[in-house]
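Presented below are the structures under discussion, each in the form of C-alpha cells.
The following pair of complexes shares a single chain, chain A, combined with chain B in the former and chain C in the latter.
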Partner chain A sequence: MTNAMKVRVLVRPKRGILDPQGEAVKRALPALGFSGVETVHIGRLIEMEVESADEVEGMCRRLLANPTTEEYEWEVVS
Partner chain B sequence: MSIQETYASLGLSDYEYDRILELMGRAPNYLELSLFSVMWSEHCGYKNSRPLLRRFPNTGPRVLQGPGENAGVIEVGEGWALAFKMESHNHPSAVEPYEGAATGVGGIIRDVIAMGARPVALLNALRFGPLDDERNRYLFREVVRGIGGYGNAIGVPTVGGEVEFSPAYSGNPLVNAMCVGIIRADEVVRAKAEAGEGNLVVLFGAKTGRDGIHGATFASDELTEESEAKRSNVQVGDPFAGKMLIECSLRLLERNLLVALQDLGAAGIASSASEMAARGEVGIEIDAEKVPLREEGMEAWEVVISESQERMLAVVEPEKADEVLKVCERYELDAAVVGRVTSHGELRVLDNGEPIGSVPAQYLADAPVYEREVQRPSYLDEAQRFDPDDLPLPDDYNEVLLRMLAHPSLCSRASVYEQYDSEVGSDTVVRPGADAAVMRIKGTKLGFAVTADVSGRHCYLDPRGGGAAAVAEAYRNLSCVGAEPVAITDCLNFGSPEKPDGYYGLSECVDGMAEACEVLGTPVVSGNVSLFNETERGAIYPTPAVGMVGVFEDVSRHATPGFKREGDMVVVLGGIPRWPREGHPLSGSSYLEVIEGKVAGRPIVPDLAAEKEAADLVRTMIRSGLIDTAHDVSEGGTLVAFAEMALAGGIGFDFAAREIERFADDKRHLQEILLGEKGATFVVTVPQNRWPELQEALSGANIGYDDTGYTGGDRFVVPGLIDLSLEDLRRARERDLFEQHAPEGGHLG
Partner chain C sequence: MRIGVTVFPGSNCDRDAMHAVERAGATPVELWHADPELKGVDAVVVPGGFSYGDYLRPGAIARFAKVMGPLEEFAKSGGPVLGVCNGFQVLLEAHLLPGALLRNTGMRFVSRRARTRVEKADTPWTALYGEGEEITLPVAHNEGNYYADEGTIRELEEEGRIVLRYLDNPNGSANDIAGICNEARNVVGLMPHPERVSDPALGSEEGLRVFESVLAAAGAKV
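This part shows the complex of A and B:
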C-alpha cells in the first residue's frame, strides 16, 4: 500500500446524551482524590490506513459511529 | 408558531384544546399544554381504548391489585405475591433498536420496583418484518442485543418470550417487554401521595437531561447549531444505574422510609407527579431548579417533562428525608427533595419560587374518552372466503415437516434466547424453550410460571377469535408445565384507532380476550396500549400480546415438552368442541403460510369451555405425578408438536400405523389431524404400564384422546408419510436466525 494515507476518526457521544461510561469515571475520580473534575465524556479514537479518503464519511455513518447517539469527525493525518 | 400549530405539534386536537380552555378557564402556557399533551396521550390516558378496556374482567380470588397501578399484583400463597406488567417500546425501537429495546426493559423493571417488588423474571414479545430485508435483520439483531445488553447487566433473567416474522411488521417492529417481581403480599406499595400535606417529594436515580422531549423543535423554527444541540436526545439506558435503583428502592421500602413510590416513564416528573397527586387527591409542587441536571441551560419545562431513564419519584415524611438521601448516596444515585405535597389539588411547577405552570391534577388524569366508529374491514370477507379444501394435498410430508421446522417463525429460538442470561438469580427451574418458563420462590416449595403469546395472523383473519385464542394459548402453555393460570397482563398493539376498520380489530380482539378471560378465570390486572402502529403500507396485524402468570403449590411437580423415556405412549388429547365448529383447522395455519404462502381463511373459532376442560385436566395429571411430559398443539399442528417433543428429549417417535390406516380413505382429514390448528389440544406421554391410570383419569371428562404412537429410537416416523432421522429434524429446526449478515450500522461502541 504505497499510496496509503492515515485517517483518524474521533467518535464521541452527542452533546447532552447520557454517557454512562463518562458518568462512572467522573464519579470515580474524586473517590481517588482528584478534585475539580467538572465533566467527563468518553468516546473512541479510530486510526485507519486507507487508499483514498472518499469512503471515510460513509464508513463513519454506517459503522464507525452510530449517528443516532454519537457524533464524529475525521481527518487525514498523513 | 401559532397556538394552533403548537398544540397540534404536541399531538392535541382542536377538540382537546377547546376542552382544556374550558377546564382551565384561561389559555394554558406551553408547560401546561405539555402536561395535557402527555397525560392525555394514549400511553398515559387511554383515550381511545378506555371504553374497551372496561370490558376486561379484572378481579379474582388471587388478585391483590388490578389495573390502575404501576403493575398488577396476584397472590401466590404463604404470604407471597407477584407483581407484573407488560409494556410496549415499539416506536423508540424502530428509531434506535438497541437503546429502544434496552430502555423498554429498564422501564418495565421500574414499574415492578414501584410496587415494592424485586424483579425476578423478564419476558418479551417481538415482531419483525421478514429477514430477507436488511433493515429488518438490523432491527431484529439490535433489539435482541439491546434486551440482552440491559437484562443481562442488570441481573434479572430473561426467561421467555416469543418472536415472529411477517411482512405486516416491516418498518414497524413490535418490542413488548414484560417483568415479574416478587413481594410479600402485605408489603405492596401503592403510588398514592395520600399521606398528605407537608410531605416531601424526592427524586432519585440518574440525573435529568434533555431526553425524549417532544417539544424540542418548538424552541426555534429556524434550525441553528444551537437549536440542533438542544434537540431531544435518544434515550440511552444504563443498566448499572438501573441495578442501583432496584437495590436502593427496595432498601428504602424495607426501612419504611417511603410513603409512596412511582417510576418515571413517559413525560417524566410531570406525569409521575400528576398521577400520584390525582390518585391521592392532593396537590404536588415541584421546584424545577432543585432537580439534579446532566446538561446546562435546561428550561424548567424541559426539566419536568424530560424522559431521562433510571429515575424514581417518592413521597417522604419530612423527618425521614435526610435518611432517604443518605441511602441514595450509598447506592451512588443522585437524589434531591424536589417538591412537596399540598392540599390545593394542583400539579404546580415552580422555578426559583415563581409558579410557571399549574393544573388541577384531576384534569390531567381525566383524559377525554373517544368512542370510535367501528366498521368491519373489507378485507375480512375476502380473506375468510378462502377454503383450504380447494388446495392440493401435500405430496411429500417429509419436505413439509422440514420446511415448517426451518421457517423463521417456527424454528428453534435458541439463537435468540442464548444471548440472554436466563439463569441469573438461580431461581429458574425451566429455561426458555418449553411452553412456559418455570420459576421457584426461594426457600419455599412455591413457584410460578409465565408465558407470552399471541398470533397476529389469527387476529388478522378473525380478530375476535384471535383475541380469545391468544388468551387460550397462554392458558394452555401454563397448564402444560403444570401451573394454575391466575391472571394476565396485555400489550395491545394496533394501528390507528381513527380508522373505523382499524378500530374494529381492536374492539373485536378486546371482546375475544375479555370473553376468554371470563371463561378461563384469568382477569387482566395490568397492561398497556400501543396504537398508530402503521407505515405507508398500512397497519400491522392486530397484535394483542398476552402475558399470563400462573402459580405452583409445589414447583417440583412440573412438566416439560421433551420426551423423557423410550417406549412411552404418546397421547393426543383434546377438549371435545361443540359442533358444528365454525372455521377450518387449516385456515390461518402455519402450514398455509409456510407451505402455500397464504394468510387466509377463517381459523377455527376457539371453544373456550373445551380449552378449559382439557387444560385443567392436563394440569391435574401433572400435579398428581401421572405425567411429566406435555406440550400444547398450536402453530404447526400436532406434527410440529411431535417433532418439537422428540427434539427436546432427543428421543425418536413412531406414529401408530393403525391411525394412518384409519384415514386411508380420507387424506384431507389426515392432513387436518397432522397440520390443523384447532386449539384445546395437547400431546402428553405416559409409560405403558400407567396407561390404564391415564385412561382412568380421562374417563370422567369430556375429553377425546388417542394413543397416537410411541417414543423411542432416533427416527421420526409416520408410516407411509414421514421417515426422517432426528438429525434431519435438528438440522432443519436448529437454525441460526442471525446467520444472514445484517448491516453493521452503529455497531462499534
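This part shows the complex of A and C:
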C-alpha cells in the first residue's frame, strides 16, 4: 500500500459497566505504594493501516467494538 | 432427527455435544465453520470452546464465519438453536440473543459445578424439565457475567425469557441469569454445559434432557 494511512481505534467499556480488570488494577496500585488512584478503566487500542478511512466507522460498529458494552473513538494519526 | 453441531477453530465441546445428541437418540451432524449450508438438519447446537482463540471478544470472529449466515436464517425462521458457553457468546455477538457476557466479576476462570433452576419449560431445549426444577450443571468460563441494559433485563423478566438461573451465582451475572431465550423462544443460550453431564460415565445425566427436549418438542421419538 503506497498511500496507507494509520488509524488508531480506542475501544473501552461504556461508563457504568463493570470493569473487573480496571478494578483489579486499581486495587493493585496502592499495594505498590501508588496512592491517590481514583479510577482505572481498561480498554483496547487497535492500530491499523488502511487505504482509506471511509470504512473505519463500519469496522468499529460491526466488529471492533461491541456496542452493547463498549464505546469507541478513532482517529487518523498519519 | 438430525442435529447439527458447529465446529469453529478452537471449539472444544463439539465432540461432547455430538455424544450427548447421540445419547438423546438423534443423529449428530458436524457443521464445519466454512460450510455454506446446514446440511438439512432439524436443530443446531453451537458448542463451547474458545473459537478463534477468543481474540478481540469471545464469539466476535466466529459470528462472521460462513456457516453463520444460514444459521441465522434458520434461527429467524423458527429452527431450534442452542448455544452453550462460547456458543452462547457467539449467538449474542450475532444478535440472535440480546445482551453480552462480560468478564467474571471475580476476575477468575470459574470451573465447577453450579446449582441452577430451570425457569421455563416452554422452549424446545427445556421442554422435558419441570419449571422450578433444580439441576446441577458444570460451568467453565472466564466471561460468563451476563449483562444487558436495564430495559432489556426488565423485558427478559417480564416476557419469561430467563430460561435458567443460578442458585449460587458464580460470575456476577445480572439477576443470576445462566440462560435466556429469544422472543420466539426457539433460540436458547446457556452458560453452563449440559453436554458434560449427559452420560452416567461422567457422573450425571442431569443435562441429557436438554437434548432429549428438542426431540420431544419436534414430536420425534425420544
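Rule of thumb we're sticking to: the second predicted complex is superposed on the first by the 78 of 78 C-alpha atoms of A that agree within 3 Å, B and C clash if a C-alpha of one lies under 4 Å from a C-alpha of the other, contacts with A are read in each partner's own complex, and residues count from 1 in each chain.
The rule is simple: a contact is a pair of C-beta atoms (placed from the backbone, for glycine too) under 8 Å apart; a residue touches a chain by one contact, two chains touch by 3 or more.
Fair warning: this is a prediction, and the values are worked out from it, not measured in the lab.
Of the two partner chains, chain B and chain C are each touched by A:24.
In the superposition on chain A, contact is made by A:66 with both chain B and chain C. After overlaying the two complexes on the shared chain, residue contacts for A:48 are found with neither chain B nor chain C. Of the two partner chains, chain B is the only one that A:15 touches; chain C does not reach it. A count of residues in chain A touched by chain B and by chain C gives the higher number to B.
Within chain A, the residues touched by chain B in the first complex and by chain C in the second are 17-18, 20, 23-24, 63-64, 66, 68-69. Chain contact summary for the complex, chain A toward chain B: residues 11, 14-20, 23-24, 27, 44, 46, 61-70. Residues 17-18, 20-21, 23-24, 63-64, 66, 68-69 of chain A are the ones touching chain C in the complex. Taken together, the chain C residues at the contact with chain A in this complex read 56-57, 60-61, 64, 92-93, 98-100, 102-107, 145, 147-149, 172.
Across the interface of their complex, chain A is touched by residues 95-96, 99, 206-207, 209-211, 229, 233-236, 238, 240-241, 294-295, 308-309, 332, 743-749 of chain B.
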